[in-house]
Amino acid sequence: MSKTMKEITERGNAYNCIQCGRCTGSCPSGRECSIRTRKLIHLAKMGEEVFAVPELWECTTCFTCQERCPKDVKTTDMIIEIRNIAVSENYFPTMSEVPKIIIKSLYDTGSGQPLSPEVSKMRSIIGLAKEPFDVGKNEKDLKDFQKLLDILPLMKEVAK
Amino acid sequence: MNEDNGDFEPKIVGFLCNWCSYAGADLAGSSRLKYKPNVRVIRVMCSGRVDPLFVFKAFEKGADGVLIAGCHPGDCHYQCGNYKTMRRMHVMKKMLEQMGISPERLRLEWVSAAESTRFVNVVNDMTEKIKELGPSPLKEEVASNE
Amino acid sequence: MREYAYFPGCIGKNVYPGIEKATRLVFDTLDVGLRDYAYSCCPPPGVVACYDKESWYTIGARNLALSEQDGLDIMTICAGCYGTLHNVWHELNHNKELMDKVNENLDTIGMSYSGKSRPIHFVDILDSMRDKVKSSKEIDLGFKVAVHYGCHYLKPSDVTGESPEEPTLLDELVGLIGCESVPFKDRLTCCGAGGGVMSGEPDLSLKIIKTKLDNIRKKDVDAIVNICSFCHMQFDQSQKKLKTFDIPVLHLNQLLGLAFGHKQKHLGLHMNLVSNRDLVKKVKMARKVSA
Amino acid sequence: MRVGVYVCHCGINIAKTVDVERVVKEISKLPNVVVCRDYHYMCSDPGQELIKKDINRYELNSIVIAACSPRMHFKTFQSALKSAKLNPYMLEMANIREHCSWVHDDVEAATQKAIALVKSSVAKASHLEPLVENDSPVVPAALVIGGGIAGIQSALDIANAGYKVFLVEKEPSIGGHMAQFDKTFPTLDCAACILTPKMVDVSRHENIKLLTYSEVEDISGFVGNFHVKVKKKPRYVNENKCVACGDCATECRLANRIVSEFDEGLGKRSAIYVPFPQAVPLKYTIDPDNCLFLTRGKCGKSPKCVDVCDANAIEFDQKEKIEEFDVGTIIVATGYDSFDAAEKPEFMFGKVPNIINGLQYERFFAPNGPTGGELVMPDGSVPKNVVFVSCVGSRDKKVGNPYCSRICCMYSTKQAHLTKERSPDTDVTVFYCDVRAFGKGYEEFYERVQGEGVKYRRGLVSEIYQDDEGKLHVRAEDSLLGEPVDIVADLVVLATGVVPKDTTKSLAQKLHISNSPDGFLLEAHPKLRPVDTVTDGIFLAGCAQGPKDIPDTVAQAGAAAAHAIDVLAKGKITIEPYNAVVNPDLCGGCRICEMLCPFDAHHYNEQEGVMEINDTLCKGCGVCGAACPAGAIALNLFRNKQIISQIEAILDE
């Protein structure tokens, strides 16, 4: 999947944008912080390096802006895809290591949120198997899963 | 099949009704939309004018596809010519099948005078599909007979 | 008997297993079969999709592929899982190039996905069996609740087919078991957890949920009812972090479990960080009244 | 056959992508081609002169022009042929501009395609036959559909030129939306003061027959001779007897209990009513959906209206009537609907009384409106904060209206001014995206209103919510500040856009004219034929064709009237000989064609056992020709041998 800013901008209909700001005005995150969706789209349209803007990571991907855009600009889809570029260009969200931990856990156990011994105990208390039935339960399934992850770009990005 | 047809440029004859589809194609032109050059247009007053004879003649003469385009149902300049076409389509496709020509090579589409982008999509899509189908079997026959 | 592949999701099984269990109990009561598969994490839209979309599609497609040979659709109990799986399903069915790429990836472990097996959010299943839900009710709970629609269940509407500006399904579902959905300001806004914000920007995430909790508190409700394990976690954990709130948080299946007469212990109510003590008392009283 | 072929460069429009010289070289090789030339602009005088000279010099008897669409210039070149004494139907055009040079980039592919298209035209030209045009008389009357300002203007213009006009209006009164307005922008003329005199002129004009409360049921025929059927709905009041004293409405048991359409749901009326005091005709109408007597068969002991009407005008036994007449030309002036803001649920329209649309706010200011022209809200208070929301239902793909409605910016500006005029202390904010003040005096008016203290904030509104105290809040981004804002309002005005009338599609089908993708009626050419339709003799006026303000509407209505008068004044129309002809030697009299013809043009001659086709009724669609099992029906200009020769040529390598 090749992805360039130009492709993302085109696919996201950003050239239709009239900078009306309905996106920003709808944004629950923007009321609490500095993200201005309209500006992000404008930067993308102008060919600026929008992937380097830290506000990109303040979007909760709730899709309200995309839902309300009168010009069919795929604002949220674009933010997600621009983040992909940010990651590959090494503009990592430096604020926290948690996302990396989640991906590591995904690789090691098949779950982004791994099972802790405490919860395992609780599971049996409420009548569930101590370990849930999932990809981590059977060693062969997990090995296959890891084999799949090994060929995906995700792991290469995290390994950086 | 797909890979073998890389260089194949299909020849498609398009019969467009004067009032809707021909005007839609004109609008595509004045809007400077771009599309594939494979469809060659013959103007008729109504899609209902398209005698099945024309369609078979086109295939006989080596067309890889035939497009008939007219006004949307209900919008016919002549009230119901397009319905007549619709009914003829069925028979024509059946006959093509018997002649060993894939009925997919014959298409009926509704394109209004305002639907320039629709015309472009129809032309491009049809060209793509005929490319996938490859040259008309009749064409090869014609060639080998010559 | 109807049957679905059951996708409990990481939070539902590994963090709040009460949600996994409540779901099993509720759907057992409703005579709906749930079958387990060796699923991985959905994977999360906020983290994995934002890092690399192709990986997101591939891992999601592996999950969808698991039940395909059995011809089962997949029931999710989390708007996040639903958002991922539904988006993957929708995109793959509309983008042949992507479908080919994903299948090329899946081929390395001998799997493939055709696009048939589709994800369904559990509330849509409930919607299709309202009479059964109603007749399964043993206790009239009589709660005043604040309902929370997870963003990814509703949006984007051109993919989900929902009406995101004025949804009514959840309000109607809680009504079926004698609860009242209380309107509150900005009830449709995000809980603040998604998009990797909960993990990447925890302070911002807390600000967003605090605004939301403030609006809910004004309405003096008995509980916040959600249809998303991830939102559930955000509502519950953030109250603990903010320290100033104590509004019980229930996944809809936990609420239904209570109304269907299942024991609160089996529904894992006690696993929430916010105390459910008052709520449990109310359930006991309601049980007596209903009896 | 001696064919002359002329390949046009159209400046660089064709020559840029089509190698014209190569086309000429290839075409010159064809058997029937006597002469083949290229020229910069074939449609210019020297271009046409070239053809004329060649016709005489080379004794050409058939001409091919490879240039633009025949829909553009076929008639131009026909007249060139005529002036060279060549039959004007010995002409064929190859469309190498719209269908070739403009739609392709690749010179090689475009040139090849152009050659194929011209070859095809030469093939057809080699089989053309001279045809004779016939004349047909024009009925000296016009039909105008729609009695808003557009229809009124067109009707008056045609009537003043001395022709009969049938003006058909769906509502009980003419006047349309303009009658609902208080003032007009930017001059602040009182709408009623400039409209009502025209309404009265219509009702008094000896050449105008006004058919109100009526709808066009069916239209058949063609330019010069349309046959019209109009359905006249029963008013249940005898128009000749009613003196409009109004006693019936006062006494009606449902007085002030029925929602008034004219007041956009803000005011109330009786079940027997005139929509507004200046209505034309000023005759009462009984609303059949609400009247107690009509819905239940009983209204007290006897209906009050009957009791109080001294003129004995109430006639509950009136029935729907069909009126039929002939006209030579038709103007469609059916206007628009206001966008239904409920389609944008985030704006809460219809859920809270203090969120209204633009047309409703107009009624707040009108002296004949529900508040008597006072700026008071339903609770009796004067709003302290008024917020305007622009582009509601316009420039919005989410609701399928990608276009700009052209009037909302200015009517909001006007209403902002009127708000300030009524209540200078009221805080007025207009959320806008781009203020479109394009007309004469508009920008100046916008400037004036800004000067009056109206705040223009750049940003389209995202959502509206009501807080616990019941106050409305408008959320948007002030995009110039780059900050989200939350503005409190007592009254929110949604500047709702212009959408096609719900009946536009069905009317277009009745008239066999087209809709543009936005749903409005399609003009024949966006620049050069803005009031014509593709159907000869049918013209467009006003918002039926697309959103426009009053000056543009009136101008277009005048233009449409001029075109209609043009048809009527000629007194006859030339029928192009595109008709079908039967070869009696081949016809077996199977009568299949008779069943297919939508125009009843086919008649069976029992004596001869063959079909005959009436030239006047036949429109030349060719459906019969395509179906004739004996091949006995030929369609002039589209004969089988002509088309088949085209097919052969177009596929020839």
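We call the chains A, B, C and D, going by the order they appear; numbering starts again at 1 in every chain.
Just so we're on the same page, a contact is a pair of C-beta atoms (placed from the backbone, for glycine too) under 8 Å apart; a residue touches a chain by one contact, two chains touch by 3 or more.
What you are looking at is a predicted structure, and each value in this text was computed from that prediction instead of being measured.
*Asks:* Applying the document's contact definition, name the chain pair with more C-beta pairs in contact, C-D or A-C.
*Replies:* A-C
*Asks:* In angstrom, rounded to a whole number, how far apart do the mean CA points of chain C and chain D lie?
*Replies:* 51
*Asks:* Counting only Cα atoms for the centres, state how far chain A is from chain C in Å.
*Replies:* Here chain A and chain C have centroids separated by 19 Å.
*Asks:* CA centre of chain A versus CA centre of chain B: separation in Å?
*Replies:* Those two chain centres are 46 Å apart.
*Asks:* Spell out, as numbers or ranges, the residues of chain D touching 2 or more other chains.
*Replies:* Within chain D, the residues that touch at least two other chains are 346.
*Asks:* Residues touching two or more other chains, restricted to chain A: which are they?
*Replies:* Residues 31 of chain A each touch two or more of the other chains.
*Asks:* Identify all positions of chain C at which a residue touches two or more other chains, and write them in rising order.
*Replies:* 165, 186
*Asks:* Run through the chains and report each pair that touches.
*Replies:* Every pair of chains in contact is listed here: A-C, A-D, B-D, C-D.
*Asks:* With touch defined as at the start, can you tell me which chain C residues reach chain A in the complex?
*Replies:* For chain C paired with chain A, touching residues are 8, 10-11, 13-15, 17-18, 20-21, 36-41, 43-56, 58-59, 62, 98, 101, 105-106, 108-109, 151-152, 155-157, 164-165, 186, 188-190, 192-197, 199-202, 204-205, 207-208, 211, 265-268, 271.
*Asks:* For a test of understanding, state which residues of chain B touch chain D in their complex under the given definition.
*Replies:* Residues of chain B touching chain D: 11, 13, 18-20, 22-23, 25-26, 28-30, 32-35, 37, 40-46, 48-54, 57-58, 61-63, 71, 74-81, 84, 88, 112-115, 120.
*Asks:* Going by the contact rule at the top, pick out the chain D residues touching chain A in the complex.
*Replies:* Against chain A, chain D makes touches at 346, 391, 395-398, 433-434, 458-463, 475-479, 482, 484-485.
*Asks:* Residue numbers of chain D touching chain B in their complex, please.
*Replies:* Residue positions touching the partner: 69-72, 95, 97-100, 102-106, 109-110, 112-113, 116-117, 120, 508-509, 512, 514-517, 522, 534-535, 578, 596, 598-599, 619-623, 625-627, 635, 638, 640, 643-644, 646-648, 650-652.
*Asks:* Considering only the defined contacts, which chain A positions touch chain C in the complex?
*Replies:* 1, 3, 28-29, 31-33, 57-64, 66-67, 76-77, 79-81, 83-84, 87-88, 93, 95-96, 98-99, 102-103, 106, 110-116, 119, 122-123, 125-128, 132-135, 137-138, 141, 144-145, 147-149, 151-155, 157-158
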